[in-house]
Structure formats: C-alpha cells, structure tokens
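Paired with subunit B in one complex and with subunit C in the other, subunit A is shared by the two complexes that follow.
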Partner chain A sequence: MKRAFILAASLLLMANAIASDMTDADAIVERSNLASYYAGADGRSEVRMLIADAQGRKQRRQFTVLRRDVEEGGGQQFLVVFSQPSDVRNTVFLVHKHLDRDDDRWLYLPGLDLVKRISAGDKRTSFVGAHYFYEDVSGRRPSEDSHELVETTDEYYVLKHVPLDPSSVEFASYTTWIDRNTFLPMKIEYVNDAGKLYRSVEVLQVEDIDGHSTVTRSRVSDHIGGGQTDMQFRFIAYDLGLPDDVFTERSLRSPPRTWLERSSD
Partner chain B sequence: MRLWLLVLLLPGLALARDDDLWDDEWEDEEAGLPFAGFLEAGVGFRLQDDPLIDKDLTLGDLRARLEAEWTPGRSTVSLKADAWYDDIETGIEAEVRDLSVAFRAGDNVDVKIGRQVQTWGTGDLVFLNDLFPKDFVSFFSGRDDEYLKAPGNSIRLSRFGSAFNFDLVWSPVFDPDIYLDGNRFSFFSPVAGGNVAPSPPLSAVEPDEGIGNGEIALRVFRNIEGNEYAAYAYYGYFKQPTALTASFEPTFAPLAAFGASLRRPMGSGLFNAEVVYYSSRDDTDGTDPLLPNDQFRALAGYEWEALPNFTVGLQYYLEATLDYDELEANSPNPSFEPDQYRHLLTNRLTYRAARDRHTFSLFTFYSPSDSDYYLRPAYTYRHSDQWSLTAGGNLFGGDEPQTFFSQLSDATNIYLRVRFNY
Partner chain C sequence: MKKAIIRLATEKPRVVYAIVLAMVLVTAAMMVRLEIDTDPESMLAADQSDRVFHNKVEDRFVLHDAIVVGIVNNDHPDGVYNVETLTSLHSLTEQILAIDGVIEPDLMSLAVADNIGQEGPGTIRFEWMMRDAPTTEAQAKDIRDKVGRLPLLQDTLVSGDGRAAAIYVPIASKDLSYKISQEIIGLTESIATSDEFHVTGLPVAEDTFGHEMFLQMGISAPLAGLMIFLLMLYFFRSAPLVIAPMLVAMATVVVSMGLLIGLGFTVHIMSSMIPIFLMPIAVVDSVHIMSDFVDQYRPGDDAKEVVSEVVDHLYTPMLFTSLTSAVGFASLLLTPIPPVQVFGVFVAFGILLAFILTILLIPAYIVRLSPAALSHLLSGSKSGHTQTPLAHLLRRVGRFSMRRGKLITGLAVVLIAVSVAGISRIEINDNPVRWFKANHPIRVADAVLNEHFAGTYDAFFVLTHSDTNAKAEFVSNAEALLSDIEDPYASALKEQLANSGDSDFYGAIIATADDALFESESDASMSALESLIALAEDAQSASRYFQRPDVLAEIEAIQVALDDSGLVGKTNALPDVVKVVNRELRGGDAEHYAIPGSVPAVAQTLLQYQSSHRPQDLWHMVTPDFSSTAIWLQLTSGDNQDMTQVIDALDAHLAERPLPAGVEGRWAGKNLINVVWQDAMVKGMLLSLVGAFGAVFLMMTLLFRSVRLGLLAMVPLSVTILGVYGLIGWIGKDYDMPIAVLSSLTLGLSVDFAIHFIQRARAILQSTGSFETTYLEVFEEPARAIARNAIIIAIGFTPLFFAPLVPYITVGAFMAAIMALSGVTTLVLLPALMSWAGGWLFGRDLGQAGPAPDAAATA
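And now, the complex of A and B:
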C-alpha cells in the first residue's frame, strides 16, 4: 500500500516535470547531452553507415561500438571496431573523452600494425569517408558552445548554439530541435559564416531499449556538396559492465571479443 | 603455388557478393567477413636511365591478397597472404604476411605466435626503436605503404598491468630488412667508389640460425593522462648489411639498442620525441673498420591540422656516430664514411577532399648534412568500396654519390596502382 503510494507520487512528479517547460538553455543542453551519449553506464551497438555522394554513388561501413562512462555526464571511453568494407576491416578507433581537455584519439591500422594518434585539432573532418565527423562519434562538449533557447514548441525545445572558439570549427552556429519528452536532439542544422545552411543531422527512428530512448536511424546531409550518410544502429545493449581495460591500447591489436560479440539474450 | 589459383577464382567470388546490402535485414550471424582481400595491378618506371640496370620498369606487379580469420575457442587464427607476378625481379611470388594464432593467457597476458607484421615507436617513416624488418625496395618502388613493413616469424608476449605494460617479442631467426641488392635499384658501394648492381644480386651473409642468434625486442609502456611513455630494448643485429665479414662479404653486425619515446598532445597537435643508443656489440670502441660504430639517434616531431582537412607533420632526426676519431683513423676510405652527425628533416603534407575520396600527400626527406633528398608525392582516389587508384612518385637526388638518398638518383620513378577490394 505504502509502495503504491510512493509510486503514484513519483509518477505525478515525473508528469509534472514533463509538463512544465524548462527555460534554462544550459540545463536543457545538459539533459540532452546525457540522453544522447550517456544512456546506461555503458553500451554496445552495431552500426552501419550508407554513404551516398551527390552522384548517388554508395559506400558502406560497418562497425561495432563499445562505450563506457567514466563519470555520468563526464569523461567517456569509446572503442570502434570495423568489420566492413574489406579495406578498413579490423581498423580500430579508440577515444578517451575528457571534459577538462581535448580528447585522446587513436586509430589502429592493421596492415602496418600501426597505432596512429589523431591530433586534437583534427576532429571536424570526415570519419572514415562518411558525412559524420570524428567528433560526432563521441559527442561535442557542451562547454564548447554558448546556448540560447529560441523557442519552445509543443514537441521541441529549439536552441541555438554558438561556438566559443569559432576558429576551431567550420560552423558559425547550429540549431537543435530537442524532443521535450526524450531530450534527444531530433534535428540539428549547421549554418556557415555566410548564414547558409550547409549541413544537417536528422533522427529518423527512435526505439526504447532497456528503458532508454535510443536513436536507431539517423541521417547527415551535406546541403552544399550534396550527398548524405544514413546510419543504422542494431543489437544495442546497455549496462553490460564493461571494464576499464577494454578501452586501452591492448584492444587495438587484440579487440575484446567477449564484449564485441552479440550477447545471446 | 596454390595461392596463385586464387587469382583466377577471386573475381568470380567478388562478383557473387551483393555490394548493396543496405536493403537487407541484418542477419543474425556475426558481422565479420569470412574472407577479404584485393587484386591489384601496379606499374612504375624510371624517369631517367640507370646505366647499371637494363630495366625501365621499377614496379610491375599483378597481385592477389587473401585475408581470413577463424576464431576457434577463445583464440584467433589469422591469415594474410599475397600471391603476385613480379615482372622485374622473380616472376611468380607468394608471401604470407600473417599466419598467426593469438590468444589471451589469463586476464592480463596476450600471446601471438607465428608470422606477423609488427610496429612500434613514434616516428613517421623514421624508425629508431622499431627494429622489426622493413622492405625498403617495396617502399622505394611505389608499392602500398603497408609493404614497408615486412613480416617476421616471432612470438609476442604482452602483459598489461596497472603500472606498466610490456611487449616481449622473440624472433628465433634473425629477419633482416629487404635491402638494396642491385636487382631493381643500384646502390653505392664504398669498395667500388660508385654505384653497383651486382649480378647475382647482393646477398648478405646472415647470422647462423642457432638458438641465441635470433632477436629479442622489448617495449615497456604506459599512458599517463594522454602522455604515452615507452622504453625499449633490443638484442640482435643491425637490420641493414652495413658490416663486412673477414672475407669482405656484406653482413649484419651484432647490435644492442636501448631507447625511449614520448608522444603527447601539444596545442592542437601532437608532439613526439624518441631517442635510441645503438651499441655495435662487437665494435664498442669503434676501431674495427669492418663493423659499424655505436650511434646515438634522436627524433622530435610535431603534427597538426593546419587548415581543415590539411595536416602538416614536421620531424627532425639526428644520427650521431660515436667514436668518430677511431672510425676515421681505421677507415680504408674516410671520405665515404658517413658524417659524424647526420641531420634529417622530414615534412608530411596531407590534404583530403570529398570525405577522403581524394587524398593528396607529399612526404619529404631532406638532409642538410648529406645534401640529399627524397620526395614522395602521392594521390589516392577512392572510387568506391571496391575500386581505388594511387599515383605517385619516388624522387631522389643529392650532391654526393655516397649518401643514402643520393645513391638512388637513378631510381627516381613514378608509378600507378589500381586496386579492387573484394
């Protein structure tokens, strides 16, 4: 009886929280960041990308991503292991994301057995030929931009973000449409110095996985050069208990199969 | 020879695979490819004559690659093998680049046994503590960068701990570099006082294949807050045939090496530094004219993205020959000895366009002390996941005939490679 009361009360509180508009842009961004990148304490997903250029020529990439949060909302670790196509097979990308300094990133090239480190400045460039950037894999730090809530609609918080260091990025600003229920950014539009929309990211599908609203299809479009990359996520699992040592140089040469393989359940 | 059959089979297999799987549902099987590889044709030729070599072609390869992986139990067996027709040197060739079994022995130990390619150290195309075999002939003739690293047979034991990690590599039989032998490119001989292209090609005397004549390489490393520290040790032989036997045949002098490296972010780029001390084990006092002297080598580099998609890398490298007075005093030909201090500057420029569809790069080696240079321009066009094309050059020059890059002046070449990945 007591338990039922607590449940009812907390449901009421949650409903309240959803119904009331948030007005603090930084707080919305913070929740959105957590919803987008910090679901569960860790996670696994298989990803495939279909890259189409302006002429309609298509390329594919397929990989498995493991992620672990060092701290909720803070540092994170990512391991990306490629399975296709054949010329990037067994290539491994490792990211140590930090809040207080630039991320550390390594790329393992199996042909040369070479652990190549990627410089911090080299982050808004194509990730393995896709319209996605390296930075999109691990997420951009909220503290790198200033945020302004421009509109609250029935469905979305619409925010405008301006980089604090404009020289480090190719955009002048970007606008996000953040779902008021899930806090997932459903659309992001990037504008260049000329005020022209040149790049957008859209979420095409969201599914509930282990209680986390999770993007399972998304698309990045290039509005100047043409072309787009569709991204699809499958075999997603959260809270696997990934240990810290999965995200070290060891995993570059010897990917952790126990965690990369699909679980039986 | 059986590998060669694959060349005939592969195009058929490649066509059989549907390359637009996007509409399909993901199957419940694991995501990896059971096998993969490529077919490649490469041709390259000299931009001038080499009076010593009666061939205009510097690259003439038709190559098939097969890669496969099996995972019996908790181990991984991998295979990477090439079969190719080499128009210049040997006709039909086959080489296994990887045939190894890797497994985890306990929580913190990885073992990899078999034929494998290995790399460590921080230099970009400059190697100090990386004493694994390299194939300079492939490198100079315009084969894919991958072929700079030659495979070797070894046992690699890696231990990962909270304080330190280490790799221990034992190669029971010494694996030298693939050195200039006069077949594809002529090289400078101090005995002849000029370039030579011996026939049969130079074949240096290798150490006896006894236990104790192999190589042991050790790396101890740790990443502290993004700073990568490493210490290295090596016991084996110089990888190039820079020594002479008592009967004046080229051979590999015994070597022990000790070094260290650091790689860390600096500003928006990456800084790397590496040092190594080479001890010529049988000539520590530097008086034996048949053996190389001890050396100290140092490298410092910085790489950063100067403009979007445009990366610049700079390196300074020093090779200091120790006991130099003894070297000069005992040398039959002091004027052909290397300088006491050899300085080398390198520069890598890379520009990527259209999401890596086009990659332009220029790697430059320039030695102010040797007054010689080596330019490696290359352009890669990735047409699709299957087809790619690379065009480039290897341009050498210098003032004096005996310096490393200058001896290759007549090897200056351009090349074109077309690859089909399956």
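And now, the complex of A and C:
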C-alpha cells in the first residue's frame, strides 16, 4: 500500500519534471540517485562483466546481485554472489550501505573457507579487477559532492560534481549527462587533477522492467591505460520481497539459493 | 684504365673538381635525414628470434622501458622514512606523472603504491600506501612498517637499508628518455631538501649516449682532422700541399656518411665513428703520393709529368692497400650484427672512394699549383726530408734490423707468445652504462642506486604453458556433445569452438551455453548444454595453468635458486603476490606467507589482489589467461658476463629440477639482449677476421704472385692483431664492440704498410739485385712514408682521449697502439725476416738479377 503510494507519487513527479525544466542541481541528483539505485524496494540482477585490457585481452566475471532498500534513498543492503569463472564460484560480498556512517562490507572466499570484513577505507578500488569501482556498484552518496547544473539540453541535464573531500577520491570533478525522462545518468566523465579526462561510464542500453527504466548494458572506459569493462544486467526483477535475513553474515557461507536462482522470478 | 684516370686528373682538373663538388653537395644534402639509434636491441636484426621474443614479452606483460629516479638520504636516522623526504618523494612523483610521455598507470613509487593490511582483527584493508605525504614522523614510520611487510616493494621501491627510495618511470618511447630525464633532473633541482637525487636506467643511458655521440661527431672527428692537418703540415711544411689530402678526407667522409644517412640507415654508435675511421685511411694514400712527389720533384720539372709518374708507380700498391683494407672492413658483413655490418660496408665503400678521390684529386690539385708554390714547397721540404731526425732514425732502424735479424725475429716470437697468453685472458663484456666515464652523472647514479637497491637492471624468465592438446581434446568432446542438438544456439557454439585463438575462448563458450540453457526447451539439449558448461569450466580451470599451487611452487623454487645464487638482487613473481594476499587474508601472521593449497584458493586470492587500486599490476607477472608468467629479476649489473652467470645458475637448477611437462622457459629483457648480441658479435668477429685474413692473404699472393711474399705481407698485421688483443687481455680491458671492430681496422691498415714496404723493396731488389742497396733505399722515401703515416694516424687521434664517451677513448687509444705496432713491425720485423730468409722469400726476384742474398746481407 505504502509502496503503491510512492510509485504514484514518483509518477506524478516524473510528469511534473517533463512539463517543466528542473533547475535545482541537488534535486536532480537526488532523483537520479533514486532512479539509478533505488528502483523498487528490492531487486535482483544477474551481471556479466567482460573486462578487456588495452590489448583486447578479456576476462569474464558473472555474479548475481540481490539488493534491498532499508529506506528509500537511504540505507541499502547488497549481496553479490559469484558464479563464473568457476574457480571463484560462491565468492560472496555483502554490503550494508549507510548514509550516516561508513558502510559495512564482508567477504567470503570459499576456496579458503574464510569470512573477512573489509575495511570501509577506500571504496574507489577496482571491483574484482574490473574498471568499475566498488562505489560504482553500490552508488556514491550524493552528499559527498557539490553539484552544479551546467547545462540543460533537450535530452539531458548536464551536471558537474566536485568532491567535498578531494583527498578521498582520485578525480578532481566529474560531469554527468542525466536523461531528463528517466533520470538515469547516461554518461559520466571523470577528470583528474591535471584536467584530463581519464575515465568514463556510458549507458549502452536501457530497458523498461516492471515499470522501472533500468540500465541493462553499460561500459566503463579507461582513457589513460586503455581497456574497458562492459557490464550486462540480465534476469532483472524488482519487488521480490527479499527478507532481511538474506543480507546477514549467514548468507556468506550459505548463499540463499531460492533468491539467487533465475526460476525464483 | 690507370692511364685514363691519370690523364683525366692531370689534363682536366676542373672537371675533377666539379664532379667531386657535385657529389659532396648532393650527399651533404642527404644528411638532414639523420636519425640516431642507440638502442642495444638494434644490435640484433629486427627478426632475430631473441629480439622478437623480447618484444613479444614486453607486449605480453605490458612492460616499458623505465627511467629510474633515486632519492637517497644518508643523514636521517630513519633514512628516507621522514616527513621531509617522503614529502619530496610524493610531490616529485606527482610532477613526474604530469610529464608528457610518462605512462601513468604503470609508474611505480611509494606515492602510488597500494597497500594491503590488517585493520583490527578479522578485517582486511586495501589502501593507498601514501596517498598524501605524511605530516608526522610517526606516519613516516608507519609507512616504513607497511613497506617492510610487502616483499614486492621492499628493496624495489625502498632500499633494504631504508636509505634510498626509487621511482620507476615507464616511458612511451625510448626516444623520449633523454628529454624526460632532463625534465626530471630539472624537477629534482627545484626541490630544496638535503636528499640526494639520481636519475639513471638503461633507456636514459642509451638516449643520453645518443645525444653525446651526436655532439662528438661534431667535435671529435673535426678535431682529429685538425690534428692530422697540423701533423702533415709539420712533415710537408706546405699548407697548400697539405690541404689536398684534407679535401680528399673531407669529401670521403661527407659522401660516405651522406650516403649512409640518405639510404635510410640510422646512425649507431659504430656508424658515428665512421668519420673517425675514414679520415686517417683517406689521408694515407695521399701521404704516399705527396711523399713521393716531394722526393722526386726537382725545380724546373714539369709537375704534371712527375705526378703522373708517381701515381703510375704507386697505383698498384695503393689499389691493393685500398682493396685489402676494404675487404677487412667488408668482412664485418659476416658478423650478424646490423650496425656492425653497416659500419663495415660503409667504411669499405669510403676506403675505395678515398682511393679514387686520391688519384683524381691529388694530381689535379698538384698540377694546378703555381710554379712559385711548387718551388716554395721544395725549398721548404726537399733538403729537410732526407736530413730530418726521422730520416736518420729510420736509416739506423734499417741497419739495426738487418744486422740483428735473428734477434728481432726471436723477440717477435716472444711477443707473440706473450700476446697469445694475454688473449686467453680477454674478458668479453659490455654494458651501455659503461660507455660513460666513471664520473659521468649516469655512471654515478647507476653505482649509487645499485648499491642501495636490488638492482636497476632487468631480466625476465618467462614461463609459457602450451595447452594445444587439451584444447583440441575439449573441442572434439564439445563437438560430440553438440552433434545431436538442433537448437539455433548449437551452430553459434560450433562457430565459437572453431575460434580457439580467442583470449576468452572458454569464457565465451560458457556464456553462450548459459544463454542457450535459458532458451532451450528440450531436456536432451539442456542436459547436453549442462555437460558442455561443466566440460568448459574444467578445461578453463585447467588452462589457467599458473594458478595451480604445485606450479607456483615450481616458480618459487626457481626464485629460491636464483636468490640463493647470490648473483641476483631480487626476484619478483606471481607467488609473491599470492603469498602476501594469502597472509593478509588469514590475519597477517608470517606463518601464512605461503601459497594456498587449491586452485580456487589461489584464484580467489588473486581476485582480491585485483580489488586494489592497481589491478593492472597483476598483468606484469602473468597473462590474463594465466598461460604465461614472468619472473622479474632485478640485477645490480648490466654486464653481460653477470647475466651469463645468472643464466648458467638457472640452467643448473633446471637440470636438477626440470620444468613441468608442457612448460617452456625462456629469457627476455635488456640484459639478455646484451648477452645475445655480444655472443653473436664474438663469434661473428672471429668469422669476419678469419674470412678477411684469408681474403687478404689471397690478394697478397695474387699481388706479389708469390705465396711466400703473400705470407710475409701477413706478418705485420698478424703480429699487430695478436699484440693489440694481447695488450687488451693483459691490461684487463673488457672486449666490447669498439674493441671487436678494431681487428678489422688493424687488418686494413697494417697490411697497407706491408704492401708498400714489400712492393718497393722488391722493385729495388729487382733493379739492383742487392739486398744491401735495397735496405739503404727502402729506408729512404718508402720507410719515411710509412713512418709518417703511422705517426700522423697515431697522433691524429689523440683528441679522442678528451671525449666523454669511453668507446671514443678506446678507439683513440687503440688506433695509436695499432699504428705504432704495425709501423714498427713493418719497419723492423720485415727487414729482420728478410735478413735471414730473404733468399727464400725473394728467390725468384734475385734469380733475375744475380748475386746470392746471403752474401749481400752479410756484406
């Protein structure tokens, strides 16, 4: 009931947005953040990553992500379970994302039968060798940057974001091209201290899934070292009613099969 | 032919001038295309297998040439681990990263290194080692403790004694290394700390050498020319006369170098010395003509007639000396080192050109001199020539060598024996860094950094596992599984199975089969697809050979063997990464510094390593498909001898503990390239020398139409070559490339003296029939010409001593030694031999003229 209300409200908001340009950068970012990371109350997706280096040599990763929003636009929980390559099968990441404090992150390595906590420290490290960062997977908090609406085109809100704590990140600023209809950031360009574009994220495909505009293909490119990672999201489902015990340490050693398998759709 | 040339030169001097001038202008214009190449790799042909493999390895593991920047702190108790030094290291790193041509992602420095460690019990932490410079000494010490736990950084980024830190600056192209190193030096100069900064690395040495070489071409060669000019002026006392050979030398040098550059050859260390080699050789023939002319010309004579006569009787010996010298250098073609071949061919060409220019230009020049100039020339020189200290000395030498023939011969035999002993002591060794003098900043930096660190020289032992058979087996099994399936996916899968070269072969098949599984309707095809996926997963896991713990243990054993040999500063390889990550995953205790026990455990450990800021670092050690891995050796020396010892040490280890079946091990790296080309050079030089020796002997025999005289003509060059290389052995100078090439020079120049000496001696003997008269006459003009030549060349090259580059000094010094030795052997040993073996040697010539040789000799 409550969820239906939120859905109706956001539909209204969307109509409103189309009718008139938004001019408040923070509000655009807020909407975009919700569209990108908070579709539905929970969700599942199978992700394939094709990581290519500058010479085109490829590595592949495949994992299933379960997500549950603790609070719309607020805390979230993620469970990431690897299925390919088979040597890393059942490696699991568990993330409890908080807005008011550092995230909690856990790791389970079946080959070593080892559960580890991962220090909150730096979230801008590579996610399992891909050009994506951990932060790209779980989302960067809007409150960590200041936002400026640079331009409004027919299709996009173009925003520039500057980190409030420059020492915590490797970029000097980044620019996003946010689709005016879906509020999905269709392109993100990162610039370093030297003013050079060194990294970009592009959305290659968006599909409507259960009424949510959802990114189904995206690409991160490394403009300095060369190489790129393509991500493909498949078997996406929203509002599965994932219980919160799926996102506990217990799931590390024994992943919740019922929620991970495709047939659970 | 000969007559026509002489006539052209004496009748139409202006035409000769015009032709030569045109040649010089055209070839000089080509010089603008000059391109310098100092890369030791170029010592091997582009398709030479070790060079090809080395380049393949550089691509495969994304390795770049690197400039090494060192920061040394000898004052602080914690060495570089103090706020000030780390702050400068940090800011220097950032500034270097901003330089164009620096490959940012692969730069190595504490400021961009990643750390993996513990954050309280049960929590692992990935972080930048030093994202910001420390602000307190405690933070600096904390960094020291962290580095101490990371074997891949310890002794590579910071020296074991903590006194020095290094920044490895990978560069996009070797040609940039001089420019970038200069920029870095500029940056270090603006840092106001008590730290010492050093910049070195093989590419810097090479590129810097190229720059200094370029300067030397503009300094040493002209200085040598000036010196030769002054010496000739001293001997001939006539500036107008002496200008002529200088013109010959310059025209020869310009045309040869212009042609070399114009034909698209790069100028290498050897070819940069072509002017220095050609200059004396070009002058030698002219000195013979002028010497003769000055002796023969009387006031009132027709200069044209005299010079024609002189050229006429010098033509044959000059042609032969030129041909033999050319053969000596052309024989370098037998050495499989492209820069040496190019050097040999163009020097040979230059020698023949010099011969042609000499017999054209010198007569043309002389006939155009005014009678006044000619008589001045005479007054200045004529009486002087027969009465100089040199002339007196030579007569005494002649008498002495005739009387003490057997004693001299005996001494020569002793000298040869001593030389052979010296040659057996020769050490073959080269290292581009040693091309600089010991006090050059690059040599100093090299010494300092290699004293502190595990070494700034690299070699790589590359292991490659071939799984062709396994792949073929998988493909045939997979095809069997798919044979009965009609799904549209089946054909897509079959296509993928045919594409076995794909770096992601198994992954792509698994993905397609996985998609097919979802679409598939029939139970039969689903079960086939499931079997296929299982099959592909197994094959994929097996193909990732270097994830296997037992294989990693083999690599570890190789590392231990290399480390224990004491010859290697340090080895870095995949097991080091696995062990560090495993230790930190398991709580950080030293006992867990080990390779985990299963393939999934290794794979998952590496997955964690890839979750750092620098996942790409893994691919410097292993390929993304884990079929090939590189052990990086840091060596404190770039000497190929040291590298050879390392290779031998590993061979010994592998003889005891062979590589697993299907694994091939092969060396790569700059140090290996040095070993390979030097090996090729030594063998090639020997072949060149033997080939040239044979060819020259044949030519001598033809020239003199006598095997005996042919043998005699080989004596001075043989003694000189043995003597010079014996000397190298005894003084302990390493046999490097310039030294190797000197054998050809020796061969070419020494034989000249012998040809002139024997030819003239024989002519005199034939006309007088008396050895006594022959000695007297041969030690007049012919001996003077030889002695003058020897002195001019020997002293003419003293300016090379002041060059900052060791190969130039070497060439200067040995040029002098060669000239001295071959001059002396020709003037002393040849008459000495003739004194007791003259009858046997010249029997036929005497047969035509009369008296017995022995009678004449002892008279």
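Just so we're on the same page, the second predicted complex is superposed on the first by the 245 of 265 C-alpha atoms of A that agree within 3 Å, B and C clash if a C-alpha of one lies under 4 Å from a C-alpha of the other, contacts with A are read in each partner's own complex, and residues count from 1 in each chain.
In this section, a contact is a pair of C-beta atoms (placed from the backbone, for glycine too) under 8 Å apart; a residue touches a chain by one contact, two chains touch by 3 or more.
These numbers were taken from a predicted model, which means no experiment stands behind them.
Model built by superposing both complexes on subunit A: subunit B and subunit C clash. In the superposed model, A:Gly111 lies in contact with both subunit B and subunit C. Touch criterion met: A:Ala194 reaches subunit C, while subunit B stays clear of it. When the two structures are aligned on the shared chain, A:Glu148 is found in touch with neither subunit B nor subunit C.
Legend: residue contacts after superposition of the two complexes on their common chain; A:Ile224 is shown touching subunit C, with no touch to subunit B.
In the overlay built on the shared chain, the residue A:Arg262 is in contact with subunit B and with subunit C. Shared-chain residue A:Asp102: touches subunit B; no touch with subunit C. Legend: residue contacts after superposition of the two complexes on their common chain; A:Gly121 is shown touching both subunit B and subunit C. When the two complexes are overlaid on their common chain A, residue A:Glu202 makes contact with neither subunit B nor subunit C. After overlaying the two complexes on the shared chain, residue contacts for A:Glu30 are found with neither subunit B nor subunit C. Residues 48, 50, 53, 57-60, 62, 84-87, 89, 111-112, 114-115, 117, 119, 121-122, 124-126, 128-130, 225, 262 of subunit A lie at the contact with subunit B in one complex and at the contact with subunit C in the other. Of all the residues in subunit B, the ones that touch subunit A in their complex are 19-22, 26, 28, 30-33, 36-38, 67, 71, 74, 76, 102, 104, 110, 112, 116-120, 144-146, 148-149, 158, 160, 165, 221, 223, 226, 228, 263, 265, 268-270, 303-305, 308-309, 311, 352, 354-357, 382-386, 388, 421-422. Considering their complex, residues 59, 62, 98, 104-106, 114, 119, 122-128, 131-132, 502-504, 507-508, 510-511, 514, 518, 537-538, 540-541, 544, 547, 582, 585-586, 596, 598-605, 607-608, 610-613, 615-616, 618-619, 623-625 of subunit C touch subunit A. Residue ranges of subunit A in contact with subunit C, taken from their complex: 48, 50, 53-60, 62, 84-89, 91, 107, 109-112, 114-119, 121-122, 124-130, 134, 167, 194, 222, 224-225, 227, 262. Taken together, the subunit A residues at the contact with subunit B in this complex read 46, 48, 50-51, 53, 57-60, 62, 64, 83-87, 89, 96, 98, 101-102, 104, 111-115, 117, 119-122, 124-126, 128-131, 168, 170, 225, 230, 234-235, 245, 248-250, 253-254, 257, 261-262.
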